[in-house]
């Protein structure tokens, strides 16, 4: 099978990572690359690390440019995907790296994004219960947010197994690429190097309802989420520290068993051996998630820590993994669990 | 007043920061500098940033070397302070930057440090209720741990005002200097740059009982603490994200009022204006703590985020501030609230 | 003496550093703070590390705002200083952190800056031969560029002593604050962390004629300069590696003797003991320059390496040092040779 | 063809990178992994980014462990390779990532390494004139040093084309992984983050004679090299700024033409379009070298800047590229020119 893929938004960080992964994908041929303000420029000037595509020229993001491909990846600002997908028609596999089709609840969407809800597409986190089946053969994929990827992998097994109370407290650190490539003063290297800072505190971050949606589905009851994202002085990576009160009678053995069972056959989740803890460096550039669980008996809490690469498993890697499923390819085609370290 | 001060452990990070601050202190004259493995070396080779002391030679850490000073700062490995203090006698002000005399509960000490408890000295976090009075005129000071400094400042007002349930969940990121200057592979620059990783997860970090002690005292009831420290790719700084379930009926106004009241007269705590959040870069090298509070109504939790410099307010700055109180000097003598940024 | 100082351009990196240093200056009272796009904002939102000035509000940069001060620091874009200075009149000490008055050769100015030459003011690098005398009592000071500060300190003694051929080859690494606070994509944290890159290669960097001017003056003959600046993944600091062919017959002893003599009485230049090399971390936030010299006999070259803080000694510290001289204050008033490390 | 490969020194940075690349190599099966102090440990604890090998256990480095493989990669301390190679016999392809067999001049070896010279093997920098032919079918490969890889690629075309005087001045910045994984205080994250510092100044770095060897061979006359290495705050990457006086009559067009010709058919060298400059981030994890050339007419110098990943093209990538040639495989088998950025 050779799949012809276009990427809309090829000059940004998400689009660039999609291209990095597609270049290594044996069944994909890279077609049109589009951008808006950067249309007309060579990719070499915009993504200097993608040498094999250095001479490719960005086209404007139009239906014409994107037509005639088997797969179209959208790495666009929120709110633009619905119109593009509509125009591409139902036979093209559209993989949306944006937020537009992630949420099932229209009210949540409107509250957090302030615009009408476009709909809901199959959710591209195959490790979640039921997600894989929904992706098989689908022509539409909503790629999860980077934080919800890490947090949902970290906590769904505890909730699915009924081991944790439905009130999660999550603090996550993200590399700066999660904030995108638009030049803003607080994202300057001078500002972020040597500094940790929070943002979107108090439940206002747009990824919060997505986490609630996933964890509530796993728990079979509404789960509240206190989520604090922080910006860390590194380009990539998310380290999510996820805790919840343990259900009465929990033992550390039960907890570990639930996670071993949940991820026994998952190619991209590594439950670390006891005594070792995740580090974002170990998944740099890789599609793997590293997890470790602990039961803090004195505090009565379950603690699960997950490390992912926000651009890889957290965005482009999850997108390609889901595309593989949708196309009937082996799920790990073209994807790696090998990080670039040190 | 001219105070003659010695520093034991002058080649480490805590000792170096004590010296950096003492050099700027108008009432202090720096006397003996001691070390163990580095005795005989010039300070210029060990602390190249302390130019005015470049030609000073480290002596071995002995009672003879430390005798004859008004103040002795101890920046020694755990367990060594008691013997030194004993030999120096009751008239010398001994400021212990180590953990030996922080805990009031001998069982806690033995559980977390594995050795007999040496005792309890007045606790060098003047902002805590009652702490300042205990420091006045004291000849012994136990400098708090860096994490407990950030966390206690962040949460004691909520507990003292009865606004939070006694179960705190804390995730903190620390710069690597918190792990000291001993060369260990996981602290190499190659390992830590670009990486976030947790350690001491599940209530096993030695600073946990110290936080519990401080928060329980503020609350007037036992507070449980789930504490997860993480190592961040920066030399200095702690960002502590501290949350607790809100007591029924809490309002955001009550919460903010409690913090405004708690820190109204504190020279080294800056409660940020609403809408701004702390960043470790803003307190780099400074003795200030930056704080912000939020009430996440959907999750029902109080969130307080504190940023400090782990070596300054978190260690050496807190030590000098407490020394000033003990000596009857103005509390801010020689200390700055100005960070070095960007 | 109490000197009232205004700072124009108080929201940028140079202006912020001037303020950081003035806050610690015992003879200075900080008056008006001005900005352009940020006028009307509180300084706390723009320079969150300057706690004592958090509530000060930026005024627009006008003659009215700047009038009535003893000293006015200009941290403005190139080309704006002449008009402001003119309006302030001849009795106010104007310290220009910009480039406008650094070059003596109008043709050089026009070639590198593309506008008419405004003139030449006394040059604020007191360590250069003759510079101190020109600054005494002056009402105008041209603060040197950050690279020329490091490079001129590194090489003028070799040229003044006739030890090096008049063809210097210089490669310098700068922290990102040297590129300013304007948000540009290539200065994003995501781009600069983990990366070294050159810019302005081939003699086109605007600091090149300034270096040539200083080194030629020291040598008494025209010195050519091959200068390559590189951007390093750190907020502050310049490490300048400066080499030149040795004059015939040079010995390592002669070389060292020339540097020892040149800096014997300089409070802000530390010629390191043999065997130690400069590091930018050691001068972080300090007004000191660290230097070391070597004679590579096999290659026949003199190598001098200098480390400074580009914002401190390289800009604001040099400005305050020169202001002290101009005002007749002790040269080191309010300035420190103590770095913040690690 | 399936090639069975062993790696001696699998717990270090060079060994880990060899494994990362071999895991992606379609013709290689990974056999024995050996270490010394880490023998008996699982690789997952030592190289947590190599998930597919997490459960492999390190054996001690013995002839027995390494026997029975088609290829043996040696990532050992200097001086140990000769004995191992001897014992493995002449039919095994031995790829030495260490320095032992790089130099052709025994006196140079003894001067810089202080031990008897072991000999000279075909040199694994295929882009050098004649190097590829020497590697074809060879059973021994000396992998170049990381700095000499960058510097030789940067300057050999200028020397081979007779465009530069035989006195090169080189300043290079390296990521910290170049200093290895042994825990030393000056390599701690606390020390290196935020700091640039030189080392091995004045011609004493062991890579100097290797550069001289390569450049002199290209020039057909002895080339002197002034080489200053600096440590940069990043895990990986080398940026080498290489300059030499231009031969009389040089034009920018001649210079560029020489480089275009030299690298026209090289799969791993990207001569950037005019106006763009290399950055180490663009080659992070990739086997590519990025180069740009300039002729600084005012200073009369050729300037060539090269960026490589010190562990990839600078060590393990060069090793695999050379192995491919020696085995008769397509040279780029299993190697990538795609960097991981941002």
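For reference, chains read A, B, C and D in written order, and residue numbers begin at 1 within each chain.
Going forward, a residue touches a chain if its C-beta (ideal position, glycine included) is under 8 Å from a C-beta of that chain, and two chains touch if they have at least 3 such contacts.
Since the structure is predicted, the reported quantities are computational estimates derived from the model, not experimental observations.
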{"item": "Winner on C-beta contact pairs when B-D is weighed against A-B", "value": "A-B"}
{"item": "Distance from chain B to chain A - Cα centre to Cα centre, in angstrom", "value": "37"}
{"item": "Rounded Å distance between chain B and chain D, as computed from the means of their C-alpha atoms", "value": "45"}
{"item": "Multi-partner residues of chain A (each touching 2 or more other chains)", "value": "13, 177, 181, 188, 190-191, 193-194, 233-236, 279, 281-282, 284, 342"}
{"item": "Category of the chain touch graph - line, ring, star, complete, other", "value": "complete"}
{"item": "Chain B to chain D touching residues, read off their complex", "value": "13, 175-177, 179, 181-185, 187-194, 233-235"}
{"item": "Contact set on chain A toward chain B in their complex", "value": "167, 169, 171, 173, 188, 190-191, 193-199, 201-203, 224-228, 230, 232-237, 239, 241, 243, 245, 277-282, 284, 292, 294-301, 303, 305, 307, 342"}
{"item": "Partner chain B, residues of chain C touching it in the complex", "value": "13, 16, 20, 23-24, 42, 44-45, 47-52, 54, 177, 181, 193-194, 235-236, 270, 272-273, 276, 279, 281-286, 288, 290, 336-342"}
